[in-house]
Amino acid sequence: MSKAALDRLVEHLRDGVISTHAHRGDETAVIDRSLIRSACLWLRDTEGLEFNMLSDLTAVDYYTMGREPRFEVVYHLHSLTLKQRLRVKVGVPEEDPVVDTVCDIWQVANWCEREVWDLYGIRFKDHPDMRRILMYEEFDGHPLRKDYPKDKRQPLYRRPQHEIDEALAGRPGSGHRPGFGPRNLLES
Amino acid sequence: MGLEATTGRLADAVAWARKYSLFTYPFATACCAMEYMSLMGPRYDVARYGAEFPRFSPRQADMLLVVGTITERQAPVLKRIYDQICEPKWVVSFGVCASSGGFYQNYTTLPGIDHVIPVDVYIPGCPPRPEQVLDALVMLQDKIQRHDGYSQRMIELEKREAQMKKKKKHGSSTETSA
Amino acid sequence: MYGSDRLRSVSAPELDEGMPTEEMVLNVGPSHPATHGTVHIKLWLDGEQVTGAQVNVGYLHRGFEKECEAHTYGENFPYTDRLNYVSPMLNNVGYALAVEKLLGVEAPERAQYIRMIVGELARLCDHLTYSAAQVAEMGAFTPFFYAIKARDFLWDILEEISGARLTHSYVRIGGVAADMPDGWVERTLATLVQVETVIKEIDTLMTRNRIFMDRMQNVAVFSKEEAISHGWTGPCLRGSGVDYDVRKDYPYLFYDRLDFEVPIGTAGDNMDRYLVRMEEMRQSISMIKQCFDQIPEGDYQLHDPRITIPPKQQSYNTIEGLINHFKIVVDGIEVPAGEAYTYIEGGNGELGFYIVSDGTGRPLKCRCRPPCFMLMTALEKLLVGHMIADLVPTFDTLNMIGGECDR
Amino acid sequence: MSEHEPTPTPELVTVKIDGKEHQLPKGKNLLEALLDLGEDISYFCYHPGLSVAASCRQCLVGIRGSMVPSCQTTVSDGLELESQSPTVLDARRQMLEFTLVNHPVDCVICDKAGECTLQRHYMDWDGKPSEIDHEKVEKPKKVDVGREIVLDAERCILCSRCVRFCQEIAESPDLVFEYRGNHETLTTAPDRRLDNSYSLNTVDICPVGALTDKDFRFKIRVWELYATRSVCNGCAAGCDTEVHHRDGRIYRMVPPKDWDMNLNWMCDDGRRTYKSVAAQRLTRPLVDGEPAELDAALAAIKERLEPLLAQDRGAIGVVLGADASNEDNFMAARMAYDFLEAGHVYLADSPDNGLGDDILRRDDPNPNRAGARGCARGDLGSSEDLARDLADHKLEALYVVGDRLDLSDETLGQLRGLKLVVVQASEPSRLTDKAHVVLPAAKWAEVHGTITRTSERAKRDLSASRFGRMRPAVEPPGMARPHWDWLKRVGAVLGVTVEFESAHAVFQEMKKQVPFFAEAQWGGKIPTVMLRFAGRRG
Amino acid sequence: MPARTKVVTVKRGLWENLYLPEIVRGLGVTLKHFFINTLGPKSKRQIVTIDYPDVVRELPERYRGVHRLNTREDGSVRCTACMMCATICPANCIHIEAGERENPASRDIEKFPQVFEIDELVCVVCGLCVEACPCDAIRMDTHVHMPPVEHRKDAVLEKPELMSRGTKSIAVDGGAGPDWRDKYTDLGSLTQIYRPDHIERDRERPARR
Amino acid sequence: MLTNYLPIVVVFAVAGGLGIALLIIARLIGPSRPNPTKMQPYEAGLEQSAPPRIRFHAQFYRVALLFLVFDIEAAFFYPWAVMFRDLSCKGSLNAAGKCTAGATPFGMLVMVAFLAILLLALVFVWRRKALEWD
Amino acid sequence: MGEIVIWALVKIAILFGFALNLSAVLTWMERRQSAMMQDRMGPVKANISGVTLWGLLHPLADALKLATKEDFVPPKAHKAIFVLAPLFAIAPVVMVFAVIPFAPPVCLKQLTAIAPRCVAPEHMQIARIDIGLLYVFAIASISVYGAALAGWASYNNYSLLGGLRASAQMLSYEITMGMALIGTFLVFGTLEPGELVLRQSTIAKWGIVQQPLGFILFFFAAIAETKRAPFDLPEGESEIVGYFVEYSGARFMTFFLGEFLEIVFVGCMVTTIFLGGWQAPGLAADGLHIFGLDLQLPHIAVVGLGLVTFTIKVFIVCFLQLAIRWSLPRMRYDQLMRLGWKGMLPASIINVIITAAVVLWMSSPVKG
């Protein structure tokens, strides 16, 4: 990670940077949601920064921590030429989960953004192909949201119940105790 | 029909042939596929049992080897392929993910392929050692020699039902004629 | 879908004029011999030529992140094993490093060397499996068996140290689960000799065979710039001629103490990706030998009551040990709130773990940056314009591992 | 003592802690003040609801070079103390080591493990193997000390919380220490047993596993449980409670750890109310005693009720339930008054039992009599009124919500003569045997909803907390549904389309319409959490 | 300082373009294997196949096989139903129902597992349960792998079966007393995870071949 | 010499019989348990994406045409090849296969001329890129 | 007439027994040989009460199993063609065996004589026709229909691709195969296989020595005709699964058997044309003369030795084919076509021209 790059970003965006930190040496900037595209372009094309690779793009759901905004989209940038890294984050509120796409800046973002949409339900504006990628189209909900119960399945196909019961002989194995457990994490 | 109706030595001979000529449809998806490779490999060499031909056409396969985690998304695919396999067929569930979902107890993983297709032999292990798979193969061979197996039972059942129906029809017609 | 405007490059334009052909639409996968692991590739074909491709991944999405969020940091090792199931040790190491970074601790030196050794052994397994699949799917079975044989030898070694052939769960936060067993070093070195022989045999059988070269060279060429834009890392990026290896550029563990070269390709075609991997195997072998020379005596695990379970006898016999044991097992390792991203050189490239902690014993988020996922983003581009048969070697050189790609 | 009474703002004085100055209220307990500051201090014997004993000496701070237990000290002007200096930390560590000297290696079987204060402090403060080679003193294990409680004297660290609780809160000095020094042992007072009606609180406040709950003992490990915040339905007090459950089964109820209206306490009887949830339950609708599908049951109601609606609405009776939530009663009342225009509306409740005391418990055993009354427009008839009306043949149809309607055999016999008796109940009873249509209802631990509580504290404190919030811990069995949902469905077949998505929607409507509930609050989002990850317990 | 990078490439000349020479070289490798394996001296043969059911390979010491439950001196199960293994098990394959001994002798442990089941079809053989056991009760060092089953319920191992593989453990319930360190110093590393000192088992286990 | 071909008829009968016998046996003794999914074509576990009755790419037809041309031409070589020695001799051949009189390039030239045309055709299609398949 | 038919049947019995058994043995050989090449054991476990016969029972099990597998015809397939395709795959291969000379001509009446001179020897080939090899090519090209029709009739995209590939590939290599042999015909001046063998009486006269390029071209073109690796594109298991995706049981076995019969047939052809057929070094009509050994043998023994020689040679060629199949990767369609049309076809034409020139030069009268 690079301190200098972070400083330059702060200098460039000024008020657009909401906060910065360098926990465990990972320089991070939380920036304004509307600035992400321009900031990414700038970070990629400016000499001395040259973040020509998007290492990773993902999102975090802070629902259980009760943080506002609820989501954060995290960009891990990497400069192959200068061997430096930077983490950029934008907060995304639950009510309006939209971020500008960066998939024309780094091609890899195409799938990564699809994945974030699939798993977190954050849409990316102007993305050319906003489809689910890991889950199936019939799937309802976004499984990595903290309020999606871990074991809520949405089967595409099942044998008739009596056949399953017969196969399991009334005992699906002790490991699979029917769990109510965390299912009602979500308030009604 | 045909041979399935006959019993005795001929059927035994056919069962013998079937058990030493298990063409496999490896529905390989995940980690277990690595062990499947090892199973094919020189070290464990499943060819010793004559089961080395992976047939990726369900028409020619005898044994559906479900290797690895089956997700909800794959369930219809698996079901489809199982349906397309020609009789007689057997299903071996390779590893705990296929057998029960293993430690993936979440929104995407099938809690065992028996929720989708019938299974003849389950192999525990994550992934199972090739030794376990060979044990399973021997077990399946025994099963075949016993003329056992889910699809066999179903054929048997359907045949009996057909006979019953026929008999009933026959019986009723005789009644009316009498 | 890529190539929706259907590049039509036909061979004899004059002959074909006025003879419009119909496109064939073909599903390759989800259950298809070429798509080891499950992926669905929908192809639009003009004769044998691919005019459009749509790659659908996700058939092996097993909810890695969701499971990680539901388990303690220590319990997550088995899940990481099954990410890139061809080189589980590397995943173990990467995950452990990420948690250690968040904790702000470092494993003892000996443990780090052991991690390097098992990591490189895992890389050998990965590349051997890659080459096995590569050649077998191109129809040459004998080298496949040789590679699997060598891999089995390596698995024996790994099993001896970890207790399992494939899903080792060997690395722990703050070290490794157990020290190297007696005589393991010698046996490993002996095995490496056998592996070297096998690599040489594969090389002889394949590398300069014209059939092989024809199918690999100038197929699926990917330029530097595109590779970078697609987030490629690892052997594939190096095949495209970019000199980037995490082990060299951001040395973790003690890779800066080892002497090794980074193999680089020139053309960025399938052949280069293959050659880079073959060379990496040789480098890995040399690295392991160097590690054995350098490895110091010492402890293989930290003894920090907040991170590692105390020695068994203490748990059995003292209330202090037992409490410590209980708290680690029940509450998990309580990682201070914060976030950290670590990256190591995995089998397929930069294997990153981005962990967000809320201060409890389980991660708030545990993201794995899957190198193959990034590689797969380019597959559609790589396929279009080539022939259907090129799908096989191209897909193989990307070395997609379902567990990692779909998680 | 920490009665939350509005006290005059205390005088702030300057205290120097580890060289840093802080403004603290004068005269406040130093430990409390330090904890409020966020200082990390360990303690065993101190409990905010009890008097100070300073027996564990774990909360040591250094004042002028000597170690003083902070819980025994009050904030005074110019106080200088060390709280995190190495000597203090070392002193605390040593105290912990002494505490552990005689503690048996018992975590494996100890029910407290996982929420044990001793465990937590060891991990926080010590973390080193013991350096004392010492044969542990043997003391009695598994002593049956009371109706609900087993004592393991070896585990006891002699903090005296339980002793103080019995004396001060339960006002029944059942526990004492005997012997002194290394052999000091907790035991029951001569000729007494730990049988007071709040005895289980000693289990909660015990920082180790010396006192364990017979009912909960060995059933499950605490960290495996999930905690859902709800309200006790044992009596009208409506104490806040945490329902601990796993896999659809409730294992125990404990008072929540945070401060609220019932302090940290709960009565023994209230803790056992969970058992009724798992009792014999109705799981399917019954029509004339026969199990029926949902649609069939609703159709039966429609078929038999519609003629009456056309003829004589005055002969329809609706019984509100004192055990149903505000929302349920609101829906029932709405149906009774607005739609059915029923001639008779009653309230089914259980009579006062006289078990109330001035700690927590109330005489009124109905969780929501007040709420049901609040929903009513005008007076509600009692069950005696109902019996009378039945005897007078004033009723043709009866719609009962809840399980509390207890009628005499004679009256039950008269129910037979009615055209339609619909009972929404959760358990089979004599009444459901007689009903034409029975709709299985969910119990309090299975639904969202609010109840109106009447504890002394509730009256005194914020009006908002007059309403307790129930949250579902387990799924209702079979086809059981919340009362309001049944009412909605019955309304739907009868032609009233009131679409409430959830109990929350009903609540909002109720709040708008009924002045009684104008100040009610739905309560915050408190998700169900696994105790293992619910933050540091102990 | 040696070179940092190494350019890998394979040149293509007439030799390669002729197909045959390299094909012959390749055939040389495979045929060499063939002839050594068929006609060569026994010592040089490279066939690595383990003829499994007939030949059983010695498994490494740390191999994680099917579970077993250790016993105490009196033959009762060591497990105290503390649920550590069930807790740490990522697959939730261990199901324990605790029971209370009716009249335990004064120093006996009153808790024991009434039901102890392991569903081997769910177990992912990660070995965490062994690591988590504070009583030396559960072990996976049986050197036996779980056999395949025909029905799912057959894979649920119950207490008697798990105990049948068990041996006496020398770890002492509730601690060996203050001088436990002295008692165990001769047993090598106390910190072995997969193989804590367990001498009896090694003595009792028949040599496999 | 038609009797020489008689065995071939026998072989034909045997070969056909063999094949048909195999298939009939299969029909008789194989079990049969159809289901709707089985009746659909296999395509890696998904439904068939498009019916396979399409117009193929022209290059396949081209191969067929080229084959016709070259195979028929090649057929002309056979008698020539057999008779080559005779054609190359002015006189008759001796026992050692040598000409008794002198050699003549007649046979050679005839065929070279023929070959030249064939090669020309090959070069033509080559240049016209009809032999490109990618 | 009747006698001819009877003789034909006898020879058919011998040759088919040989060919069919050999192909069955070949499946065993393929598996065991590849196993040996790959450092493993190969199939050994099939046994009848403990007798395993080194795994020879596995082919038997395979055959029996395949014959009793569900016989499946896809409803959408073109039924008649679907059913006929396997016949097309196997019948031509069986038929072409008719012209293979598998042993020296037999003098029926002088079986025990030494070096008899027969007037009318019984030729050990089913049909001795002058245009023997032309017949081979004519019939063999029918077998392309097997794969092509199977591919088309199955109503399956994979098999369609396989069928297309098969037809294109087999047609292309048919030409090379035909052209590669012309050199041999030039040298030997006959199309009749029996005659061809007779003319290769010493190693120096063997086709492989006379026509090394022709041999290589023919051999590889023939492998391509058998659709085996590295030319197994029509099957191309890891790409398109194969032209016989939809075939099950006995029909699939028919393809399978056809493929192995083709291997045997290639073995026979190569042996006959290039390796001197049943001719063995030193084996003369009157006995064995090799390494100074002078062994007088009765006619029947010579015939027997000839048969053994033939078998061994066929085995060796088959072995080579299998070794190639297991060692080499598969080619790509365009490369395969390029090799066929731009590599092997011109090479074979050049071979013809050079051979013709050499023959012309050789056949000119010896100066002096």
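Order of writing sets the labels: A, B, C, D, E, F and G. Residues in every chain begin at 1.
Note that in this section a contact is a pair of C-beta atoms (placed from the backbone, for glycine too) under 8 Å apart; a residue touches a chain by one contact, two chains touch by 3 or more.
Everything quoted here is computed from the prediction, not taken from an experiment.
In this assembly, F is the chain whose CA centroid lies farthest from the centroid of chain E.
Farthest from chain B in terms of Cα centroid separation is D.
Interface comparison, B-F against B-E: more C-beta pairs in contact at B-E.
The centroid of the Cα atoms in chain A and the matching centroid in chain F are 60 Å apart. Chain centres here are Cα averages; for chain A and chain B they lie 41 Å apart. Distance between chain C and chain D, defined via averaged C-alpha coordinates, is recorded as 52 Å. In terms of their C-alpha centroids, the spacing between chain F and chain G amounts to 15 Å.
Residue positions 24-27, 30-33, 48, 58, 61, 63, 66-67, 78-79, 81, 142, 145, 149, 152, 167, 205-206, 209, 211, 314, 316-319, 322, 325-326, 330, 387 of chain C are each in touch with at least two other chains. Among the residues of chain G, those in touch with two or more other chains are 37-41, 68-70, 72, 157-158, 160, 237, 241, 245-246, 249, 326-328, 333-334.
Of all residues in chain D, those that touch two or more other chains are 104-108, 113, 223, 532. Those residues of chain F that touch chain B in the shared complex are 28-33, 35-38, 40, 42, 45-46.
On the side of chain G, the complex with chain E involves touching residues 33, 36-41, 216, 323-324, 326-328, 339.
Remark: chain G residues 34, 37-40, 157-158, 160-161, 165, 229-230, 232-233, 236-241, 326-335 touch chain C in the complex. The part of chain C that touches chain E in the complex is made up of residues 67, 71-72, 74-79, 81, 142, 149, 152, 156, 159-164, 167, 169, 177-179, 181, 201, 204-211, 213, 217, 243, 248, 259, 261-267, 271-272, 275-276, 278-279, 301, 309, 311-319, 322, 325-326, 329-330.
Partner chain A is touched in their complex by these residues of chain B: 72-73, 75-76, 79, 100-101, 105-108, 110-112, 114-119.
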